[in-house]
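Notes follow once the structure below has been shown.
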Amino acid sequence: MTKLKWGMIGGGKGSQIGPAHRLGAQADGLFEFAAGALDHDAEAGRAYAAELGVRGYADWQEMLEAERGKLDLVTVATPNATHFEITKAYLEAGFNVLCEKPMTMTVEEGEEILRVAETSGKICAVNYCYSAYPMVRQARAMVRAGEIGKVRLVVTNFSHGHHGDATDADNPRVRWRYDPAMAGVSGQFADCGIHALHMASFICDDEVETLSADFASTIPSRELEDDAMVNFRMAGGTVGRLWTSSVAIGRQHGFDIQIFGETGGLRWASEQPNQLIYTPMGGRTQIIEKGEGGLHDDAARLSRVAIAHPEGFPLAVANIYVDLAAAIRGESRDGLPGAEAGLRSMAAVHQAVASAKSGGDWVDARPPMFR
Amino acid sequence: MTKLKWGMIGGGKGSQIGPAHRLGAQADGLFEFAAGALDHDAEAGRAYAAELGVRGYADWQEMLEAERGKLDLVTVATPNATHFEITKAYLEAGFNVLCEKPMTMTVEEGEEILRVAETSGKICAVNYCYSAYPMVRQARAMVRAGEIGKVRLVVTNFSHGHHGDATDADNPRVRWRYDPAMAGVSGQFADCGIHALHMASFICDDEVETLSADFASTIPSRELEDDAMVNFRMAGGTVGRLWTSSVAIGRQHGFDIQIFGETGGLRWASEQPNQLIYTPMGGRTQIIEKGEGGLHDDAARLSRVAIAHPEGFPLAVANIYVDLAAAIRGESRDGLPGAEAGLRSMAAVHQAVASAKSGGDWVDARPPMFR
Amino acid sequence: MTKLKWGMIGGGKGSQIGPAHRLGAQADGLFEFAAGALDHDAEAGRAYAAELGVRGYADWQEMLEAERGKLDLVTVATPNATHFEITKAYLEAGFNVLCEKPMTMTVEEGEEILRVAETSGKICAVNYCYSAYPMVRQARAMVRAGEIGKVRLVVTNFSHGHHGDATDADNPRVRWRYDPAMAGVSGQFADCGIHALHMASFICDDEVETLSADFASTIPSRELEDDAMVNFRMAGGTVGRLWTSSVAIGRQHGFDIQIFGETGGLRWASEQPNQLIYTPMGGRTQIIEKGEGGLHDDAARLSRVAIAHPEGFPLAVANIYVDLAAAIRGESRDGLPGAEAGLRSMAAVHQAVASAKSGGDWVDARPPMFR
Amino acid sequence: MTKLKWGMIGGGKGSQIGPAHRLGAQADGLFEFAAGALDHDAEAGRAYAAELGVRGYADWQEMLEAERGKLDLVTVATPNATHFEITKAYLEAGFNVLCEKPMTMTVEEGEEILRVAETSGKICAVNYCYSAYPMVRQARAMVRAGEIGKVRLVVTNFSHGHHGDATDADNPRVRWRYDPAMAGVSGQFADCGIHALHMASFICDDEVETLSADFASTIPSRELEDDAMVNFRMAGGTVGRLWTSSVAIGRQHGFDIQIFGETGGLRWASEQPNQLIYTPMGGRTQIIEKGEGGLHDDAARLSRVAIAHPEGFPLAVANIYVDLAAAIRGESRDGLPGAEAGLRSMAAVHQAVASAKSGGDWVDARPPMFR
């Protein structure tokens, strides 16, 4: 099986996201890194591409022209505000695209991407990589198989404390998150909250229909929220609770989710991702281990090493690429988050902002095209 | 030091709460169990009192008359709807009272108790026993000492899954919780949520001013809520998030609290009550152990055995009695929850119900007399 | 049911062990604290007894004469080297005795106590209080019921770091532990190790037959060991591994035990005593909670409050008194550790010392009278 | 930077170890997989090589001749008994080699490999991959920097229960481990124990000098041990305790290590590899997180993603390749386990067997050439 050809926009020298995607694409030997427009500085981008041994370009436009028909997949890992333009252009030019989240800045752009992806017939995936952990897939498969009954309640948090220092007001790596000029309408909810909201939908196999939000800027100098609570209801009636914060000092990467059904409950946490905690109603809590016998297929196939040998975040990203490789080769991968997921997130962000501004009114969380 | 004389109303044979209070009162040798009206069945109550070797009475009225001036403290552990009447009568008759929560069913009753307690000059305590864990006192003392700076955010949960079985609709031990005729205006929030709300106030040393609630009956046959989310704001500006549920299958007794300040964060969980987790901003997470050197006074004095020898729930109840004994002897114990705490809880319950019915409107959480 | 009368030798003002026993005896209302020879200083002892409201004595001899026939139980909580003489005298005088561990300093003394206890017909219990945690009783009952098959292997640790400071050489609270003149032949193994060894026998319902020991004084100025490893074999063939240390800085009270049988494994840890971890062979790890439905009788009856309300060390001590009260009233309590357990510990200590001195030779761990 | 060329012997279709090495070599884009003799079945090996897109060979001899001078590194992942012959031949032919553990079956072979590696000037690394976890490197660096003082005691376990089923006697994947004809002189200690022993040396930066062993075949049909305890002393005087088991049902992959020094203690566990637990003497336990600021260099450079994004076992293997790539390019990497480590492990295995047979005699654990 020859390797698929892969290119990247963004992810230049010193970025966190570049190495994560290169590892994700290359870890399983499925993709060959072939080309990149890696930096907004054309020279730096070309130099870094040369260092990495791939074809380098000054910008995404140049790369699009030169690589047309030569790449099986392009990853877009540029600043958020550019995702829409680049993703759209590559899809229209016939590339498959993996776009970093958020897919777009507005709902209208999201609807546009969805239309372009459908028209082009190309894959447009969005990197909701937490959904690709084996134990998240196990949770989803258990819910689908009815193993906890109809889901009554889903509770999820994505809270950290890395923006808890008020004196960081001038730290450019932090400040932009709370500046509408750069971050758009939402700070913490758009950054981390949508991962949690996506996962709630993903595991429950259901869509968020309505929501009510309470946003706070606990550091008063911030224009956008650094803490948010979003209550929601899913189409199937499930009640949802989502808390996200960037001032929760002591939480490092507190992304967790609990799913409570009629006949059982599940818990998963991103800092201990290889275990899924399951309690059947009236029974004892059990620890489901990545790699144990009898897992659902989607969980079993995404494990690489034996039970209790932990697999972490970079391999969850790699799992997105595993599913992309399969999808590019024509196999169905319904766990791969696509443009619709990206659009739904963006609608939820904008509606949560509206709700918070209104003092918590319940609003329709869906994109207009799905109402 | 002679033992104080103690009596109990309720807590009859087979109850959970009776042994908990008897252990709490007797564990440290501070109180002598002297009298009781232990059962709504007069005969059973007298027989059980005889078995326990104390003076027994047919009902609380009989006991009030007979024990006037003979008891240093009476504990009221009867069904919720009777707390008001009994507590009021005993206070007026010159007894000190420890009342189980909820102190009353209505706000008006709560205001009345507060007035009677003040007029009588007697102690009226409410059994918010979680607040008496040594590590909860440590958290409160750290907040007061400014060790985490001004508190920006407090997040607390009290969620279990013991009412998760829909077929329990006819189980009398469960059903009454969701029946307004017996439970009043609120189910899960009034039962467990107010412990969490009290603890938020207690540790932050601040009062809840406004709130917005989302209630759900995830088991549709229930008239009252079995799951609730309450967002709130404290007088000092602290943002609050409180989730409580009785259908969270797999959570046994998930009462925990996180307090995030300007310069640090704290975490405590009732299932592992002997540790307090502390993270100074920019530093490493530390584990503070009950019994370690250098604890704040209020935490140190309420520990009985050495570091890492766990102390549990019954001794938290006992700590309430430790503080009561001190208060009865005239020492100041500002950590002892009193009638004001009981009243504030009741106001919060009623206002949360109103908010939830209105679709989440922000309402004043305070009792009218404190607005 | 009238309360049983209880007296204590030792446990004077400021001791840790006095309050623990008073709480243990009084928590459940089973014993009335009636008399004490509480201090080696006669005046101080009498004064403290008066303060506690009990009959006070200058020394144990005076108390023995005065209380003959008046007490249902006497607890011996004096310095280790005096346990033998006092326990023996009280048994011979017709008292039931609860002796702190170690029961004696020599094997011969232990054999003597066992004989005296048998002759007198009185109860001689030894305070291996960890064995009275509900979840330890559950483990033992599961083993007896064959739920993990024949036990192949038991692994236990009791390690802390509270003697890890070499500059403590002059601290009298630490120094005596490593001084043969005061502590006898063994330091850490005799102090903590025998709790672990007793628990291995207790849960496995089997006796240690042979052992091989490796002792170390990791702080060179210490004459006795501060770290020990003891391998052993039980009568039924079970392999045992026991590590104990007082220089394991960072372990607070690291007493845990793992039991591995033909068809399952169990784990319990004293710092989280309300859970027992169970893995059936080929199945998932399960969390057994104190207070859950379906526990074995001995575990169920020793729980006081509902599931997930933690109970801790003082209530494990109280459970010893619960079983003593039952035994005094003539009910059988086979879980109550008696003189034989005290004797076997002492034999194991002396034989481990001999083995360690020989470079790890395997030796008979049993008291001569049981060989 | 052009990629280094890499080949593999063994790791054929369906093996666990093949994918782990391919991921390890390719994850960071440092090596290009170029050639392989992947299967003892020549046809199957060639076919799998073709499928993977690399040059395929019938056996290691054919590959050695054909690839001489063309590969920068060869990984030997064949059955244990063949490691010596293949590793020796490749070193002599001028290849750098990464050999799976155990490097050899006998001490003499180990000494031979060490000599050949030195003579050839080539790199001979052994895959003690656990030593390449960032937090293990942090522990080692802290010990070296004196942050816990002189190490008094190291306690390590590597115990699982995956061979706990006695009816597995005929399961070929299990049976060979306990059959001297295939596994050599030792079962569980040679399989898992040597990882733990290596890590003790690695973190303490010291060598095991003497040891005493207790082996048991808890499943009686096994000729080799399935459970072992090894006490040891290091050259610098550190006391060591090592327990390893394959019948510890309920432990999945229980590899952990605790290091206790004069001024602090450290703990690390392979199932939660991204945290290192540190307790300064007299202070609070702290959680050191992979990726936090201020880590020692060797820990910082081997982290790929941000704090609290877990990295797992496959990336520890990848870290071995990171260090190999650097070493091949001429940079010093003193953390890379080499032939000496492989030899020391083999000597310890053989001496532990001798000690266990003698009833626990203390023996010299060192290879003859280092005595």
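We just call them A, B, C and D in the order they show up, numbering each chain from 1.
Definition applied: contacts are C-beta pairs under 8 Å (C-beta built on N, C-alpha and C of every residue); 3 or more make two chains touch, one makes a residue touch a chain.
As the structure is a prediction and not an experimental result, all values here were calculated from the model.
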- Pick out whichever of the two, B-D or A-B, is joined by more C-beta pairs in contact. A-B
- Task: Average the CA atoms of each chain to get its centre, and name the chain whose centre is farthest from that of chain A.
- Result: C
- Task: Indicate the whole-number Å distance between the mean C-alpha point of chain B and the mean C-alpha point of chain D.
- Result: 54
- Message: What's the distance between the Cα centroids of chain A and chain B, rounded to whole Å?
- Response: 41
- Where does chain A touch two or more other chains at once, residue-wise? 278, 282, 285, 289
- Message: Please output the residues of chain D touching chain B within their complex, sorted ascending.
- Response: 284-289, 292
- Query: Which positions of chain C touch chain B when the two form their complex?
  - Reply: 1-3, 16, 19-20, 22-23, 26-29, 33, 51-53, 160, 162, 252-253, 270-274, 289, 304-315
- Query: Which of the residues in chain C end up touching chain D in this complex?
  - Reply: 148, 152-153, 155, 159, 161, 164-166, 212, 214, 216, 218-219, 227, 229, 231, 239, 241, 243, 245, 247-251, 258, 260-267, 277-279, 281-282, 285, 359-362
